[in-house]
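Next up, some structures in structure tokens.
Okay, so subunit A shows up in both of these, paired with subunit B first and subunit C after.
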Partner chain A sequence: MSSLSGKIQEVFNEPGCGKNQAKGAKERKKGCTKQLQPGAAAGGCAFDGAKIALQPITDVAHLVHGPIACEGNSWDNRGAKSSGPLIYRTGFTTDINETDVVFGGEKRLFKSIKEILDKYDPPAVFVYQTCVTALIGDDIEAVCKAATQKFGKPIIPVNAPGFVGNKNLGNKLAGEALLDHVIGTQEPDYTTPYDINIIGEYNLAGELWQIKPLLDELGIRILACISGDARYHEVARSHRAKAAMMVCSKAMINISRKMEERYNIPFFEGSFYGISDMSDSLRQIAQLLVQQGAPDELLARTEALIQREEARVWKKLQPYKERLNGKRVLLITGGVKSWSVVAALQEIGIEIVGTSVKKSTKEDKDRIKELMGNDAHMFDDMTPREMYKMLKDAKAEIMLSGGRSQFIALKAKMPWLDINQERHHAYASYDGMVALVEEIDKALFNPIWEQVRLAAPWEKQSDTRDETLSYPHYSSLVATS
Partner chain B sequence: MATVATSKKACSVNPLKMSQPIGAALAFMGLNNCMPVLHGSQGCTAFGLVLFVRHFREAIPLQTTAMNEVTTIMGGMENIEQALININTKAKPDIIGIASTGLTETKGDDVDGYLKLIHARHPELAKIPVVYISTPDYKDAFQDGWARAVTKMIEELVPTGPYPIKDDTRINVLPGSHITPGDLDELRDIFDAFGLTPVFLPDLSGSLDGHIPEDFSPTTLGGTTLADIRVMGGARLTIAIGEQMRPAADAMQSKTGVPSVVFDRLTGLEVNDRFIGMLAGISGRAVPNKFRRERSQLVDAMLDGHFSFGRKRIAIGAEPDLLWSLGSWLTEMGCTLTAAVTTTHSPMLEKLAVDEVLIGDLEDLEQRAQGCDLLLTHSHGRQMAQRLDIPFVRIGLPLFDRLGAAHRRMVGYRATRDLIFEIGNLFIANGHELTAPTQDATTHIGTVATHGAATVTFN
Partner chain C sequence: MSQNTDNVIDHFNLFRSPEYVEMFENKKKNFENPETVEKVEEIREWTKTWEYREKNFARDSLTVNPAKACQPLGAVFAAVGFESTLPFVHGSQGCVAYYRSHFSRHFKEPSSCVSSSMTEDAAVFGGLNNMIDGLANAYNMYKPKMIAVSTTCMAEVIGDDLNAFIKSSKEKGSVPVEFDVPFAHTPAFVGSHITGYDNTLKGIIEHFWDGKAGTVPAEVRAPNGSINFIGGFDGYTVGNMREIKRIFGLMGIDYTILADNSDVWDTPADGEFRMYDGGTTLEQARLALNAKATISMQEYCTEKTMKFIETKEHDVANFNHPVGVAATDKFLMEVARLTGKTVPAELEKERGRLVDAIADSSAHIHGKKFAIYGDPDMCMGLAGFLMELGAEPVHVLATNGSKDWAVKMQALFDSSPFGKNCHAYAGKDLWHMRSLLFTEPVDFLIGNTYGKYLERDTGTPLIRIGFPIFDRHHHHRYPVWGYQGAMNVLVWILDKIFDEMDKNTIVPAKTDYSYDIIR
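Up next is the complex of A and B:
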């Protein structure tokens, strides 16, 4: 455990994090994890975060060492897509029993690794530590080391038991596992001046595939995406990239910064959501590559592509602008998604009446302020009841959030759109923006809203909210009833 | 008669099983204005929450004591105290249900002791009943957690007699974890038709049936009220559904003296004859015409459907009571139970008409389901069904990739009839078109090539 607490301290000391640098030494030691309130907490644990960050590596076996809860209650529930291997969607767990708790689960873990290699032959196995096995002192690093030696395949310990902190910490500890055991362990067959890494992109709903064709067109090669639709060997060879883009806010800043430190791979933080952010990201990728030695002409080609794509996508968005102008959105999400989605929606005239900044960093918040002005309605910790009220009172006309809070909107009989990891639609890149706007439009103008808000004729109270909402067919519907 | 075996593998692949604490938490969700709490790390709650949200498509009340490394080692009393204070202030529940997890059980937290101390320190908290149940993740499975939670509710919340107000029309019903809100609605209608008033414990049909409340609530809305529970001792009879509920029925009987009967299932013709017959006896009313018609429709469906069901090879992965309900019924329809995998021990397992029941995972089921005509398991079977290329019926929990999980019905004549249609139609849709044997084919008459992966041989 001492090496784990050392790691956690190291992650907390992240020099790449501006928020962290502003703190005193003592405060920094406490870490950036907010103390959780028993009885008033929500959100996943560090193990959850580690799994989210690494499970998108599609050709390895992800083995959870712990009781059935950690994998049995949660497997196959995320939308990271694969262009090939499917073993990442197989649920592997040691499912430890009472005897293991008393006598230790290391033997079962070792045997489990062997069974997986015998039956499924993946290029590597990732072993996830959990609370119970950490508490009884199972040394997964030692087991993984022994297994690597015995079986001649990389067995990677991911030491992020749930009780050390929240999802964000788990993301970072997963990054540490890659830095310690995977990145730099293999060499690519060849390199080009156009090789980049994309860090913190999980290919949810296949979003990476909305971006890749544009990069392909520019001749830019994704040497590794960490970790969306990745293969083990791609991550292992990622240290030879010329530049990197960090996507998911601060979730994997440690990977980006340490790869810059160790392998001289400069990185920038960008987003694929929204038209201007997408263009900015392409520009910055090109600039970084040129700065690293790629021919200058890449810049002009990139500009040309940006102009063509922007013109194309604006034309596609034009019909929506009129319909959606002034629509009021409540945006409940964390981290990167807040500001990049804010920018994207504002581009088509949607008004953001509130956004949560619970998981956002100081930079994220500054960015939102910049975008929405000083009276930005940022909520640090909005309760479900407050969200419900905003919707019920029609202060917001649609909520964009993660799956867990969808019913707050739906029970208020208001439209809702999934923008979290379980979502089924891809919203990245230029066409992704069109998809997002189409989904919002589809949700807002669905004819069910008029119907579900009607009171039954034998009930006295009717839903008066509709008077404050402007739906095209509502008045005609009421007139005939 | 089946042999019951446990998988010998070290590594569980594609789990069928879910853990005890969330089974207990779901039981608490069937109490009105209740806040279920898992005593563990925040992740334990988050996983359970996401699972139920995806299954029921409802907001799920489930809190956590948010244990971390340090509090785990020091003991979780302060976290439980804080959780109770916060929940009391923010959610104002009528009742709080706490289930332990692997984490706090490994440490060995004495939660009963903590609760005594906390209540002594905070008299205002002592007014809200707290039901605590020990449910380590590394033992048993989901249905055990549910059953234990219900037993504990009875032990703690049902007062011991004597009961001055006896009500001969009131029936206590203790449904197993496999009984859906839709099933409970069906049962309520059946009781109603006999002039009987059921009190379900727990009652997910009130809380997780998909109704639209007038205001937002952080706790459960609907479900069994404390007032309902307090008069359960005055009922005529307790009916438990599913063998898992026998201990709960026994607890009720020994505490209140109300006699109890266990129905190991309510899917199929003969079991429902017994059930309806019993209700007629208790109520002293003739069986209403509606059930005579439903029974007749079921008999007709059996006649129409048996052509499709006979000798079909079935693979089921489910918790013991659900496996028993569907496995027994399919056997009664003429199917051959070929593969049966379950999650935990139960006296019903060895009574199944199959060679072996394995306590294992979906990898085990996949191996045994090769060449079967039908696969029944929860939504996690979707990958396997695709690989095996056989028809797949989603049963149990979680059902996250289909609508209406809460309203799937399996109990009573009507639901049994509809199951024949649903499954029979799948058999028909997947029936193989006979093709004439070609001249040069090596196959002899009686063997036909099929368009699917399987080859059917007529003997």
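Up next is the complex of A and C:
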């Protein structure tokens, strides 16, 4: 456990994190994540965070060492897409029992690894630690080491038992596992001046595939995406990239920074959400590559592509601008999405009445301030009750959030749009913006919302009808497209 | 040998074995003078075009794959809704065998019904003797409390007079003079099963209220506070009637259901064969005259019946197979108005749950295009519900729909932006629907079992809602009326949407990157 607590301290000390740097030594030691409040509803644990950060690596087996709870409730529950192997969606767990708790589960883990290699022969096995196996003292790092030696295949320990902290900490510990055991362990067949890494992109709903064609067109090669639609060998060879883009700032900053430190790969933080953010990201990728030695004609080509794509997508968005102008949106999401989506929506005239910054970094918050003018719209830790009130008071007309808060909107009789991992629409890149706007439009103008807000007809009008709502009757809205 | 006794292959696989495949190929090649495969393909493609559609819609004589049945089918449906009543169809027995099998295949229950078995000599000399013998045999063998007589085309063509025949039969002692034998002329060459339902129900009510064909004095109306409820011809009668009873019970309403066939088509397997079960009692049918109001759930099933009831100073309310939030609201409000009762909190909760469920799933239905076919009222109810969900009922077709129905459908479309590009097709058949689905494709088709051929030909996924449903079991036990009924319809639609999503992503290593457990 000492190595684990050391690792956690290291993560807490992350120099790439501005927020961390602003703290005193004592405060820093306490960690960057807020202590969870017992008795209050909370999000996922560190194990969950580690699992979701790595599970998008598609060709490896993800083996959860613990009782059935951890994997039984969570296998294959993310929309991270694969263009090839599907073994990452198979649920592997040691499913330990009472005897294992008493006598230790290491042998079962070792055998499980062997069985996976015998039956599935993946290029690697990722082994996840969980609360129970950590408490009983199973040393997964030792087991993985022994298994690697015995079977000659990389067996990667991911030491992030649930109790050490929240999901975000888990994301980072997963990053540490990659840095310690995967990145830099293989060499690419060849390299080009146009090789990049994309870090913190999970290919949810296939979003990466809306970005890749544009990069392909520019001749930019994604050496590794960490971890969306990734193959093991790509991650292992990612240290030879010329530049990197960090997508989800909080989750994988340690990977980005340490790769810069160890392999001299400069990175920038960007977003694929929203038209101007998408363009900025393409520009920055090109600039970084040129800075690293790529021919500078890349800049002109990138600019031409941006002009073409922006013109195309604005034309597609035109009909929606009129319909959605002035609509009030409440954003409940975390990290990078809190500002990247803000910018995206503002571009078509949507008003953001609030955004949550619970999982956002100082940089994230600065970006939001820049975009929204003041910080009155930022909610650090909005309780479901507050969200409900905000919607109920009609300060917002639609909520964009993850699946877990959807019912708050629905019970407040407000439309809701899923922008987190379980969604099925890809919102990244230029076309993704059109898809997002189209979905917002559909959610706002679905006829059920009118019905939802009306009282049952036998009730007196004044009983439940919210007079403050100035929602248009749907029959007065004629489709413009 | 293609078969051996140790492993007998059934029809699913037998004819796929090589020797049969070869035999069929040779038969085709050597004896059938076939067109080339290319030619067949060319014609198949041509039937998908606008050109073919125009020719198809120019059809003025031939009906291909009708979405309607004949009057006596509706007559039998109405008749079995009365206590211990034997439907007796005066005409040829072959027709009656169809009605029985039709109902048995849909409801998975025996359907009792007899005919007067008219043969060639009856066709020449008239069917009086068949009526006399038939009524006597049916009365003695099956011990009914009432025999409801309707007719097949054969009896109508030769002009048999039911009133006179029944009178003569009673004089000859076939059944006791006071025994109830209501009747209705139900020729199949007029209208459809919904007309037959209408005629028979009117015949039965008229029998009890207006003095049993002049044999007793007419009833004198003594108004009370109760209401009458008529469901119409409805494939979901088992579930719907029970739901309506529950709703009326919750509201504390004194009611009579006229033609309640929910028990006879859902008898328990407890060792006893029930030829008759449940139903509106004859006494209730008589006393229904005194009700203050009568509600019909399906206007086009009860045009004549409701007109007749209106002459008895009843308040009347007609609906068009209401499905969904707004339609059920309207229904309950009308019931509340007619009875002076209030809608209880429990129903309001059910309403809230339905609205909640729709909101939860709205993104999946919004903007989807549907084609619907079926009886006129049901088409209207479902189209209204789809628009409420944000879906577009692009093609709505009723073979037995009238021009008046089409006008009313158009008014419904006009009431919502989701009806903007929708059209009603009255008097068209399923071959017309085929052209519609090819030339103006939709995402889903709603219809009865026969829609599966359209699904096969056009690839449009079929959501089975309607009558008859032969190839899926037990859906008739679920209501489609009331808030809980709308919930069922919502779930059936969603199930198909998700099934299609799964089907579309199920190929391993090809499309299953989107084969997800969470939808």
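Everything that follows uses one rule, which is that the second predicted complex is superposed on the first by the 457 of 481 C-alpha atoms of A that agree within 3 Å, B and C clash if a C-alpha of one lies under 4 Å from a C-alpha of the other, contacts with A are read in each partner's own complex, and residues count from 1 in each chain.
Convention: a residue touches a chain if its C-beta (ideal position, glycine included) is under 8 Å from a C-beta of that chain, and two chains touch if they have at least 3 such contacts.
Keep in mind the model is a prediction, meaning the values are calculated, not measured.
A.B. asks: So, does A:S82 touch the first partner subunit B, the second partner subunit C, both, or neither?
C.D. replies: Second partner only, subunit C.
A.B. asks: For A:A69, using the defined touch cut-off, is the partner it touches subunit B, subunit C, both, or neither? Pick first, second, both or neither.
C.D. replies: Only subunit B is touched by A:A69; subunit C is not.
A.B. asks: Quick one: is A:A443 in contact with subunit B, with subunit C, with both, or with neither? Answer first, second, both or neither.
C.D. replies: Once the two structures are laid over each other on A, A:A443 reaches subunit C alone.
A.B. asks: Now for A:D48: first (subunit B), second (subunit C), both, or neither, which partner does it touch?
C.D. replies: first
A.B. asks: Of subunit B and subunit C, which one contacts the greater number of residues in subunit A?
C.D. replies: After superposition, B is the partner touching more of subunit A.
A.B. asks: Which of the two partners, first being subunit B and second being subunit C, lies in contact with A:I96: first, second, both, or neither?
C.D. replies: Touch status of A:I96: first partner only.
A.B. asks: Going by the contact rule set out at the top, does A:G206 touch subunit B (first), subunit C (second), both, or neither?
C.D. replies: A:G206: touches subunit C, not subunit B.
A.B. asks: Applying the touch criterion given at the start, work out whether A:Q451 contacts subunit B, subunit C, both or neither, answering first, second, both or neither.
C.D. replies: second
A.B. asks: Taking the contacts subunit A makes with subunit B in one complex and with subunit C in the other, which residues are shared?
C.D. replies: Subunit A residues touching both partners: 76-77, 86, 406, 411, 422.
A.B. asks: List the residues on subunit A that touch subunit C in their complex, please.
C.D. replies: 76-77, 79, 81-84, 86, 206, 406, 410-411, 415, 417-418, 422, 424, 439, 442-443, 445-449, 451-452, 456-459, 474-475, 477-479
A.B. asks: For the complex, give me every residue of subunit B touching subunit A.
C.D. replies: 9-15, 17-19, 21-22, 37, 40-51, 53-54, 57-59, 63-69, 72-73, 79-80, 82-87, 90, 101-103, 106-107, 136-139, 141, 212-213, 215-216, 218, 361, 380, 383, 400
A.B. asks: Give the list of subunit A residues in touch with subunit B in this complex.
C.D. replies: Interface residues on subunit A, with respect to subunit B: 36-48, 63, 66-77, 86, 89-98, 100-101, 108-109, 111-116, 119, 131-132, 134-136, 161-166, 383-385, 388-389, 392, 403-408, 411-413, 422.
A.B. asks: Using the touch definition from the top, list the residues of subunit C that touch subunit A in their complex.
C.D. replies: Where subunit C meets subunit A, its residues are 325-326, 329-330, 332-333, 336, 342-343, 348, 351, 355-356, 358-360, 362-363, 366-367, 387-390, 415-418, 420, 508-509, 512-514, 516-519.
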